[in-house]
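I've put the structures underneath this note.
What follows is a pair of complexes built around subunit A, which joins subunit B in one and subunit C in the other.
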Partner chain A sequence: MLTYILRRLIQGGVVLMGVTLICFVIFRYMGDPVQTLAGQYATTAEREMIRQAFGLDQPAYVQYGRFLANALQGNFGVSYVSRVPVLGLILERFPATFELALVAVSLAFTIGLVLGVVVSLKPYAVHNRLIMAGSLAGISIPTFLIGILLIMVFSVWLEVLPPFGRGETVTVGFWRTGLLTADGLKHLVLPAATLAMYQLAVLMRLTRAGMREVLAEEFIKTAWAKGLPPFKVIFKHALRNVMIPVVTMTGLQFGEILAFAIVTETIFQWPGMGNLLLTSIYESDQPVIATYIMLAALMILIINIVVDILYALLNPKIRYD
Partner chain B sequence: MTEHRIKSRFLYHYLHDPSAIIGSVLMVVFILAALLAPVLAPQNPYDLETVSLANFLQPPVWMEGGQAPFWLGTDDQGRGIFSTMLYGLRTSLLVGFSVVAVAGTFGVLMGLLAGYYGGWIDVVTMRLADTFFSFSTTLMAILLLGLFKERGVITVVVAICIVDWVRYARTMRGSVMEVKQEAYIMAAKATGAGDVRLLFKHLMPNAIAPIFVVVAVDLAVVIMLEATLSFLGVGVPITQPSLGMMIAIGKDYVYAGMWWMVLFPGAVLILLVVGINLFADWLREELNPKIERNA
Partner chain C sequence: MKNVLLKLGIVFCLVLMATPALAAADLVVAVDTPPRTMNPHGSDADANLSVMANFFDGLLQLSGGEFKPALAERYEHPDLLTWKFFLRKGVTFHNGNAFDAKDVKFSFERLSDPEVSEFTNTGKSIDTIEIIDDYTVVIKTKEPIPWFANNLHQIFIMDKESTEARDPGEVGQKPIGTGAYKLVEWVKGSYLRLEANENYWEGAPPIKTVEVNPITESSTRFAALVSGKVDLVTGVPVELYDKVAANPKLETINRPARRAIFLALGNAPGAPAADIRVRKAIYMAIDEDEIVEKVMRGQATPTAQVPDPATIGYNPDLQRYPFDPAKAKALLKEAGYENGFEITLAAPNDRYVQDAQIAEAVAKYLAKVGIKVNLDVKPKSVFFPEVQEGKHDFYLIGWLDGAFDMGRTYFNLLHTLDKERGYGTWNGTRYSDADIDRLLQSTTHIVDQAERAKTLQELNKLAMTDKIAWIPLHYQQDIYALQKAAQVKFVPRADRWMVYKEISK
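== the complex of A and B ==
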C-alpha cells in the first residue's frame, strides 16, 4: 500500500513537472516579456538592461529553475494587463468558484444517486423511462445552453431569479462568501443548477448502469430469497457495491467541473477564476493563463491522488503490490 | 452462428427500437441539411453581397414585423437565422467527423500497439490517457485554444484531436488485451505470422467492435465541444458560421425578449446531439453481452 501511495505521488510529481515546463514555455516564449516589461518605446540599451536585470539573457534551464523556485515561493509573476501579482488576482476569485462548484457537486451527487437507484429498480416503467429521457437531455444539452434557457425562463419570463452577478456578499476573514446572505443565495440558484445538470445526469446514469448489473448478481438473489426487506437489499447489499465507482467518478470529474465552471461563469458573469481565465485569454495575459494552468493542475492532481488512495482503501478486492 | 444471422439480428433489434430509429433519422436529416445548405438556404449569410444590415433583428416570419425570406428571423448583422443555421451545421459536422476520423485512427493505432506490445508504449499511452481524462478534455481544449494565436476550423480540429485520441486508445487497448489471449491468435503466431499481419489481420478486426460505440458517443461529444468553444469565443473565428457562435451572439438579446437567435440554433444543436446519443445508446446495449435485452 505504501509503495502504491509513493508511486502515485511520484507519478503526480512527474505530471506536475510536465505542466510547469509547458507553463514556463508559455510564460517565457509566447509574447516577448522584454517588450512587455520595458514598454513599447524603450531603446535597445534599455531593453538590454531589462534583459539582464530579469535574467532573460541566461540559458533556458537556468531560467526554468528560477521559474520553478519562484513558483514554489508563491511568486508567479505580474499580470501583463493589470500589473498586480497574478497569484493574488486568482486567489481573490477562488471563493466564488469554490462555492459555485461545491453547491453544484453536492446537488448533482445527491439527486443523481437517488434518481439512479429509483430508475434501476424498474427500468422499463413509464415514469422511469421519462426520467431516463430527462437524463439524456441532461447530457445532450450543452451547459451553456442550459444556462441561457434557465435565464430565459426564470429571469426574463418569470422574473423571479437574477440572471447575473454574485449579489450581496460578506467577507469572513479573507473569504468573500455569498452563502450567508439571502441575495447571495438567490444569485447562486441558476448558476449552480446550470453547473450541476450535466454531472447529475452522468452520475444518475452511472448509478443506474451499476445497479442494473449488481441487481442481477447471485448474492442479490440470495438476499431476496432470504426474505430481507427491500430497503436492506437495495441500499445495504446493492448500492454499496455501486458506490465505489460513483464516488470515484465524482472525484475524478473535478477537471470537468473546472471546465464547465468557466462556461457557467461566463454566462452568469460570475466573478470567479474561470471568468478571469477567459478575460486573460482574450487579452493574451500569459502570466495569468500559465498560473491558472499550474494551480488547476495542482488541485486536480491532489484530488485524484486522494481519490485513488481512498479507492484502494475502500475496496478490498484491489491491492496494488 | 453465421455472419448472415448476426446481421439480421441487428436489423431486427434496430427495427423494433423506436429510439434507435428516431436517432438515426435525425442524424440523416441533419447531414442532408448540411450537405444541401447552398441549395436550401435563401441567402449565404457569409457573402456580404447578400446580407444587408438593414434587415437586422427581425423576428420569425409568422410574428409581427417578420418577412420572407428570413423564415426564422435575423440576427444583429441582418443574417437570416435559418440560413446561418444550415451553414453552422456544416461547421459542426465538419469538425465532428474530422476529429472522429483523425483522433479515431491515431487512437486506435496507439491502443493496438499499447495493448499488443505492452512495455513503455503502453505505460506512456495510459499515463497520458489518465492525465487527459482527469484534466478533462473540455478544460484542456479551452486552455490549448487559449494559447493558439490562430483562429480557424483547422485550429479547433487540431486542438480537439490532441486531447481526444486517448478515448479511442484506451478502449482499443482494453479490447486488444482481451482478444490477444484467444487461441486463434496463438495459432496464428505458431504458424509464423509476422507482427504486422497479426496486428492488422487478426487483432484489429476482432478487437474493433467496442470502438463503434466510442465513435458514436465521441461524435456527439466533439460537436458539443466545438459549440462550447465557439460560444466561449475561443473556437472558430467570427467570420465562420457556427451554432455555438450564433448562440453567443443571441445571448445578449435574450433580455430584450428576442429569443429566436438562441432557441433555433439551440434546438438544432440539441436535436443533433440527442439523435447521435440515442443511436449510440442503442449500439451500446446491442454490443454489450452483459445486458439482456427485453428483460
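== the complex of A and C ==
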C-alpha cells in the first residue's frame, strides 16, 4: 500500500511538471503581461524598463526555470495585477470554494444515491420515469442557465434567497466560513444547488444502472429468500456492490468542482478560486494562473489517491501490492 | 454517539445565535469592476482610482467637473518647468500621522518604481522634488508638461512613514490615506466595507458606512438590484436597460460617457487609405445613427471627435460627415477604387460596449460601397499588444483622457511614432502627418489654458475634418440604476468614479 502511494506521488510530480510546462507554452500566446503592468501612458522605453524589472525580457526557458526553482521553495511569485504574493491570494479564496464544493458534492451524493435506489426498485413506475427524465435535464442544461434561472425564480420573483456573494462570514483562525451563520447558509443554497445539479443527475443514473444489475443477481434473490428485511437487502447487500463506481465518480467530481467551479462562482459572484482564475485570465495575470493550475492538478492528484484508498476499504478484495 | 451529536447541535445553534446581526451599511453599492489593489499607485485604471479616491487625496481634486484644492491649498507655475505647491496644514492620515511635505516628496518619487507603480510615465517626467519647508514643495519636470496639474487628482499622497515600514504586500491591501473614508474590511471578490473618517479635513462625509460589492456578471448585478439587495448599481448593461427603466421601484441615470469609440486608420504610402478621398468614403459609408439605434440600443451619442466636452481640445463646431453611401461610392471611383479593395478591421471583443458588434456593422456598411472587410476580432489581452506592435492598420478602439487635456492623448495616439521621445506609443496604425505633428509640438509650450484650448481645438478640427486621421463613431453611455426607496442623492461623475463623500441621502 505504502509503496503504491509513493509511486503515485512520484507519478504525480511528473504530471505537475508537465502541467506547468504546458502552462508556460500557452502563456506565450496569451497576451503580454507588460500591458497589464504598465500604465496607459507608459512610453515604449518605459515599457522596456518594466519588462526588465520583472525579468520578462529573458528567454522563455530561463523564465520557466526560474519559476520552477522558486516554486520548489514555495515562492510562486507576485501577481501582476495586485502585486501581492500569489499563493496567499489563492489560498485566501480556498475556503469559499471548498465549502461550496463540499456542500454541492454532499447534496449530489446523498440525493443522487437515494433517488438512484428509489428509481431502480420500480423502474417502470410513472413517478420514477419522471425522475429519470428530469435527470436528463440536469445533465443537459448548461450551468450558467441553471444559475440564472434559479436567481430569477428565487431571488427576483420570490425574493427568498440572495442572488450573490457569501453573506455574513465568521473567521475561525485563517478559515473564513459561511457555514456557521444563518445568512451564510442562505447564500450557499443557490450556488450549491446549481453546482450539484449536473453531478446529482450523473450519480443518480450511475446508481440506478448499477442497482438494476445487482438486484438481478442470485445472491440478492437468496437474501430476499432468507427473509431479510428490505432495508438490509437493499442497502447492505445490493448498494454496497454498487458503491465503487459511485465513489470514484464522486471523488473525481469533487476534484473537478473544487478546481473548476468557475461558471457558478462567476454567476453568483462567489469569492472563490474559480472567480479569481477567471479574472486573472482576463487580465493575463500569468503567475496566478500558473500557480492555480498547479494547485488544481495537485488537488485532483490527492483526491485520486484518497479514492484509491477508499476502494480498498469498500472492497477488501482490492489490494495494491 | 447520540450525545456527541446533540452537543454538536447545541454548539451549532449557539454559534448561529451568537453571530451578531450586522447592520446593513447606510449605502450598499454594486459596481461592475473589482478593485485590483489598495496601493493607490498600483493601477491607473479608473475602476481602481475610483476606489482609491475614497481612501486617499491628491494635491488637487476634481469635483463638479472642476479642479479644486485638496491637499494643496494653492499652487504656482512660475515657469514652464516649475510647479510650486502650498500644502494644507493640520491634515492627518488614518493612522494619526500628520501630513506634510515629506509625504508629497515620497509619493511622487514612488511613482517611478515599476514594482509598485503604473504611473511611471508621470514619475519619470519629474526632474527634482524640493522641500522648501514643511508645507511648501517645488516640483520641476524634465520637459514642459502643460497638463501636469490636471493629473494631480489621481496621484494620491501616501504616508511616508507607514508605507516604508510596511511590507509592499500589506501596503497593497490596507490603505492608509487622508481620505474621507477608511477601509474597514476588504474580502477580495466579495465586498469592501468603508467607514467615514470623522476627522476628514473637509468635514466628515454625510454617509457613515458604505458597502461596495463588485459583481462582474451583469445579469447578477441586475438581480441584486431588482431583489433589493443593493441601493445603487453602476454599469447597467444596454441589453437590460429597458427592463430596469420599466421597473417602478427603480430609477435610472444616464450620462454620455467620456470614452469615445472610433476607428483608427493608417495612411502608409501606397495603401488605399493614404488617399483622403478613400478616408472620406469610409467615413461617409458608415451609418452611425443606425449603429447607435440598433447596436447600442439608443445608449450612445454620435460624435464628430474623440475628446468629450469636459476635455481641453473639444471643439463644439465639429460636425460629422453625413451618411451618404452614393457619395462614398463616387469618392472611391474618383480615387481609382471603383471596384473597391480589401482591408482588415481589427477589434477587441471584451473591452467596450458591443465592440465586436460595432465592428461587424462597420464591415457590413463598407461592403455596400464595395470595400471588402475581413474582420479580426479577438480578446483585449491579445488585441492591445498587437495594436502597440503596429500589427493592424485599421482597428476599433476607445479612448478618454484622464488628465482632461487632449495634448497628452494626441501625443500618444496621433503623433508619428517616435520611440526615442516616447511619442505615438498607441499610434498602432503608424498614421503619420507632418502638419498635425508640427501643430501638436507647438502646444507643449502653451500653458495658458485659454490659448491651449484654442490651439488644441484647431488641431482637433485639422485632424478630424481636413485629414480624417480617425473616424469617430460615438460616446458610450454611463448608465446607473438606483432604488427609489433608498432616496440616494447621486450625481454621476464624468470620470465614472464613485466618490462617496459626494453622495448623500
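Quick note on the criterion: the second predicted complex is superposed on the first by the 256 of 321 C-alpha atoms of A that agree within 3 Å, B and C clash if a C-alpha of one lies under 4 Å from a C-alpha of the other, contacts with A are read in each partner's own complex, and residues count from 1 in each chain.
Keep this in mind: a contact is a pair of C-beta atoms (placed from the backbone, for glycine too) under 8 Å apart; a residue touches a chain by one contact, two chains touch by 3 or more.
What you are looking at is a predicted structure, and each value in this text was computed from that prediction instead of being measured.
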item	value
First, second, both or neither for A:Thr43, with subunit B first and subunit C second	second
Most subunit A residues touched (candidates subunit B, subunit C)	C
Touched partner set for A:Ile262, first subunit B, second subunit C, both or neither	first
Touched partner set for A:Ala297, first subunit B, second subunit C, both or neither	first
Subunit B versus subunit C as contact partner of A:Pro163, first or second or both or neither	both
First, second, both or neither for A:Val119, with subunit B first and subunit C second	neither
First, second, both or neither for A:Val105, with subunit B first and subunit C second	neither
Touching partner for A:Ile139 - first (subunit B), second (subunit C), both, neither	first
Partner chain in contact with A:Ile148 - subunit B first, subunit C second, else both or neither	both
Partner chain(s) touched by A:Val202 [first = subunit B, second = subunit C, both, neither]	neither
On subunit A, the residue positions that both subunit B and subunit C contact, one per complex	30, 148, 151-152, 155-156, 163, 266-267, 282
Of subunit A, residues touching subunit C in the complex	29-32, 34-35, 37-47, 49-50, 53-54, 81-85, 88-89, 92-93, 96, 148, 151-152, 155-156, 159, 162-166, 168-170, 176, 180-183, 266-272, 275-276, 279, 282-284
Contact footprint of subunit B on subunit A as seen in their complex	11, 15, 26, 30, 123-124, 136-137, 139-145, 148-149, 151-152, 155-156, 163, 212-213, 252-256, 258-260, 262-263, 266-267, 277-278, 280-282, 289, 293, 296-297, 300-301, 304
Complex contact set, residues of subunit B against subunit A	127, 131, 133-136, 138-139, 142-143, 145-147, 220, 224, 227-228, 231-234, 244, 247, 251, 254-255, 257, 259, 262, 266, 269-270, 273-274, 277-278, 281, 290-291, 295
In the complex with subunit A, residue positions of subunit C that touch it	12, 15-16, 19, 22, 34, 36-37, 39, 42-44, 114-122, 124, 168-169, 172-173, 187-191, 213-217, 219-220, 223-224, 226-229, 350, 379-382, 384-385, 388, 402, 408, 412, 419, 422-423, 425
